[in-house]
Amino acid sequence: MIYLTRRYRFSASHRLHNETLTAEENQRLYGKCDNAFGHGHNYVLDVTVAGPVEAETGMAFDLGELDRTVEREVLERFDTTNLNLDDRRFRSVVPTTENLCIEIYRTLEPKLAGQGRWPAARLDRVRLEETNSNYFEYAGGL
Amino acid sequence: MIYLTRRYRFSASHRLHNETLTAEENQRLYGKCDNAFGHGHNYVLDVTVAGPVEAETGMAFDLGELDRTVEREVLERFDTTNLNLDDRRFRSVVPTTENLCIEIYRTLEPKLAGQGRWPAARLDRVRLEETNSNYFEYAGGL
Amino acid sequence: MIYLTRRYRFSASHRLHNETLTAEENQRLYGKCDNAFGHGHNYVLDVTVAGPVEAETGMAFDLGELDRTVEREVLERFDTTNLNLDDRRFRSVVPTTENLCIEIYRTLEPKLAGQGRWPAARLDRVRLEETNSNYFEYAGGL
Amino acid sequence: MIYLTRRYRFSASHRLHNETLTAEENQRLYGKCDNAFGHGHNYVLDVTVAGPVEAETGMAFDLGELDRTVEREVLERFDTTNLNLDDRRFRSVVPTTENLCIEIYRTLEPKLAGQGRWPAARLDRVRLEETNSNYFEYAGGL
Amino acid sequence: MIYLTRRYRFSASHRLHNETLTAEENQRLYGKCDNAFGHGHNYVLDVTVAGPVEAETGMAFDLGELDRTVEREVLERFDTTNLNLDDRRFRSVVPTTENLCIEIYRTLEPKLAGQGRWPAARLDRVRLEETNSNYFEYAGGL
Amino acid sequence: MIYLTRRYRFSASHRLHNETLTAEENQRLYGKCDNAFGHGHNYVLDVTVAGPVEAETGMAFDLGELDRTVEREVLERFDTTNLNLDDRRFRSVVPTTENLCIEIYRTLEPKLAGQGRWPAARLDRVRLEETNSNYFEYAGGL
């Protein structure tokens, strides 16, 4: 097994706010991130695929296919958007980077399995950086 | 003269849109950045002060004073905001990173002149990074 | 389980020297790092917390609580210090980055367990970067 | 167990091309990387050694020994070379970064085991970055 | 005047060798970079355009136009190539990063002047990074 | 004229303290950096040489000569030292990064002029990064 990681970038805005909580509770939990009009980030997304190296090509996965899949499933959906207002998923779920990271994993996982020459390749993990000082990782499971 | 540069970070969202232009013109100029609900960035701000080294302290400026000034004048105003909706300046001016860079320079320039032990120190330039692949610099003048 | 990593920075000096070894042995082991008056580093500390995403908040842990804990337990103790002379732990133990990394893990581990809304969250690992070209990771265990 | 990672850099060129495939298949698989005269990269190599901290020295491994081993086994062999033409291994195997990463692991693994004061230390993994947006990791096994 | 810098990346290989010099002189000057089969780099190219901010758009230049120009004039020409063998310019001129930097400046300078809404914008400088530890800048002139 | 910049790294410790000032004044000016036993940094030093490209070699300066000069004049002197206690210059001058930056410039300037094939090359500027969030530049003059 070798692990191939490819880096993507997208920019989006969000507001951290849960309507079922009080204003005070929202403020205490999210601080400035509860600002009514939102704020934004340059997200850095690292997608890691695991699999054996296919002997003839010397490759663990087709990078072009990976790029097209991430472009279509993630970047077109989230880049240059307001997560709360533009995306159906985050109308009812708070768009924290935790939830965004899990949503990206769940979206990519079925799309990156069993492609052509790489039947054993699979999504290993997703890493989503929100700012220069924090990032989140999700590898599936509960 | 020595040049001291200090790095700050803030997150904000914006929408690039000029209401005096047509929808087509806005689309052509700003592309995805014209998205109605906005999108966001982690801005990286480098503030450069120029001045002689004061002999007794060995310092070109008081870093604590610089931090307090940038915190009060820039970070409190812009961090975790929506530039178009939260800031008076950008209700009538398109909040491109060019305009934000110039606004920060003009705000800091009078506040960073002639402080205590450092009467000859002055703001030299401001550099504002919007994403990993583009940044803007402004040093005053026309 | 999601993994949340937060980055902190501190500056300290140290001397690598074991008084129970001969001068030659110290020199062979630590080379220039055995310099009598010490030398210093900007350490980059990544603290990773693992846990399920709490449904109501969408968060894996309270970042404010994490910041306060690391500030109080690690940064106030080590930032802008001489590890050998200012810290009790490193009077008898050589302050290699290995030992510093383990000390930080052991200090944080009991403080980051079972907090309020996040009873299942726990410290997963600590990563301590000494220079641009080497870093250490510790995740507990023997 | 603590994990020590050390970063190295080398520059090399390669051409991705498998002579047993047709020109069309090579083009479809490798795209521009199939360019007849090759192209190049600045590779960033992270070598991770795992082991217990040796009590007397406070170290997990001898960094000088690690540097000498990587210099002799990897950097002298690959730095400033054309992988396809200068290296025997890649005359018959396509020098993808996957294959280069595995070759480096297999070369280093026997050389980094059971050294002097650190009998339990062993190579844990190798990470090879090809460009700013992709890297590969190999930790042995099938 | 504001300065807008945009970052691009390309990979190429080169050999530093001047056929009019002796083998010894080539070796003394270029060291390992004289390797007969070449070696490679991931070049990082920063293109800086200077100009006033156009009032209506709030922009110093059209980023889309800049991207298309650099893509067409520089990236298509040099990315994934062997500079010595694939490019006419470097058949007679040694493809040092100095010469490549100047060639890129001279190619872009006439293409980035006097575009549509930005008649006063002009190429200010080009910065070309060869490795993590060296880069070159050229701003025209002799 | 082309500008060649080369990056070097060294680690040192220092204490910011002026014995002619009171304890209160030292504390107010230098804060935690006045800690009696010192603290440390990983300094990043960028040395920029300016000159015309020499036609035969395609180079602006001899990188090997630059490396040897910086190694001998700067790195051997400051790397893995305590600036206050190990270096004569900083026994009487406070080792702020401003003063260290100027000292490096003044040391290198006469050594990097008029070398062999590059008689017109000269030191253009020195940039010294103290931490991830501040750096200093000096280009000579008063």
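Going by the order they are written in, the chains are A, B, C, D, E and F; count residues from 1 in each one.
We take it that contacts are C-beta pairs under 8 Å (C-beta built on N, C-alpha and C of every residue); 3 or more make two chains touch, one makes a residue touch a chain.
For clarity, every value in this text was computed on a predicted model and none was experimentally measured.
J.: Just to be sure I understand: going only through chains that touch, what's the smallest number of steps from subunit E to subunit F?
T.: When the steps are counted carefully, the minimum from subunit E to subunit F is 1.
J.: What chains do subunit C and subunit E have as common neighbours?
T.: Common contact partners of subunit C and subunit E, which must touch each of the two, are D, F.
J.: List the interface residue numbers of subunit C and of subunit F, divide the shared ones by all numbers used, and answer same when the ratio is over half, different when under half.
T.: same
J.: If I compare contact pairs by residue number, which of C-F, D-E or B-E overlaps with E-F on over half of them?
T.: B-E
J.: How many angstrom between the C-alpha centroids of subunit D and subunit A?
T.: Measuring from centre to centre gives 29 Å for this pair.
J.: For subunit A and subunit F, what's the span in angstrom between their mean Cα positions?
T.: So the centre of subunit A lies 42 Å away from the centre of subunit F.
J.: Please report how many Å separate the Cα centroid of subunit B from that of subunit C, as a whole number.
T.: Subunit B and subunit C have C-alpha centres separated by 34 Å.
J.: Hey, what residues on subunit A touch two or more of the other chains?
T.: Touching at least two other chains: 132.
J.: What is the complete set of touching chain pairs?
T.: The list of touching pairs comes to A-B, A-C, A-D, B-E, B-F, C-D, C-F, D-E, E-F.
J.: Can you list the residues on subunit D that touch subunit C in the complex?
T.: Result: residues 1-8, 52-53, 56-60, 62-64 of subunit D touch subunit C.
J.: Can you tell me which positions in subunit F touch subunit C when the two form their complex?
T.: Counting only subunit F, the residues touching subunit C are 9, 11-14, 32-33, 35, 37-42, 44, 79-82, 84-86, 131-132.
J.: Hey, which residues of subunit E end up touching subunit F in the complex?
T.: Residue positions touching the partner: 16, 18, 20-21, 29, 31, 93-96, 98-99, 101-102, 132-138, 141-142.
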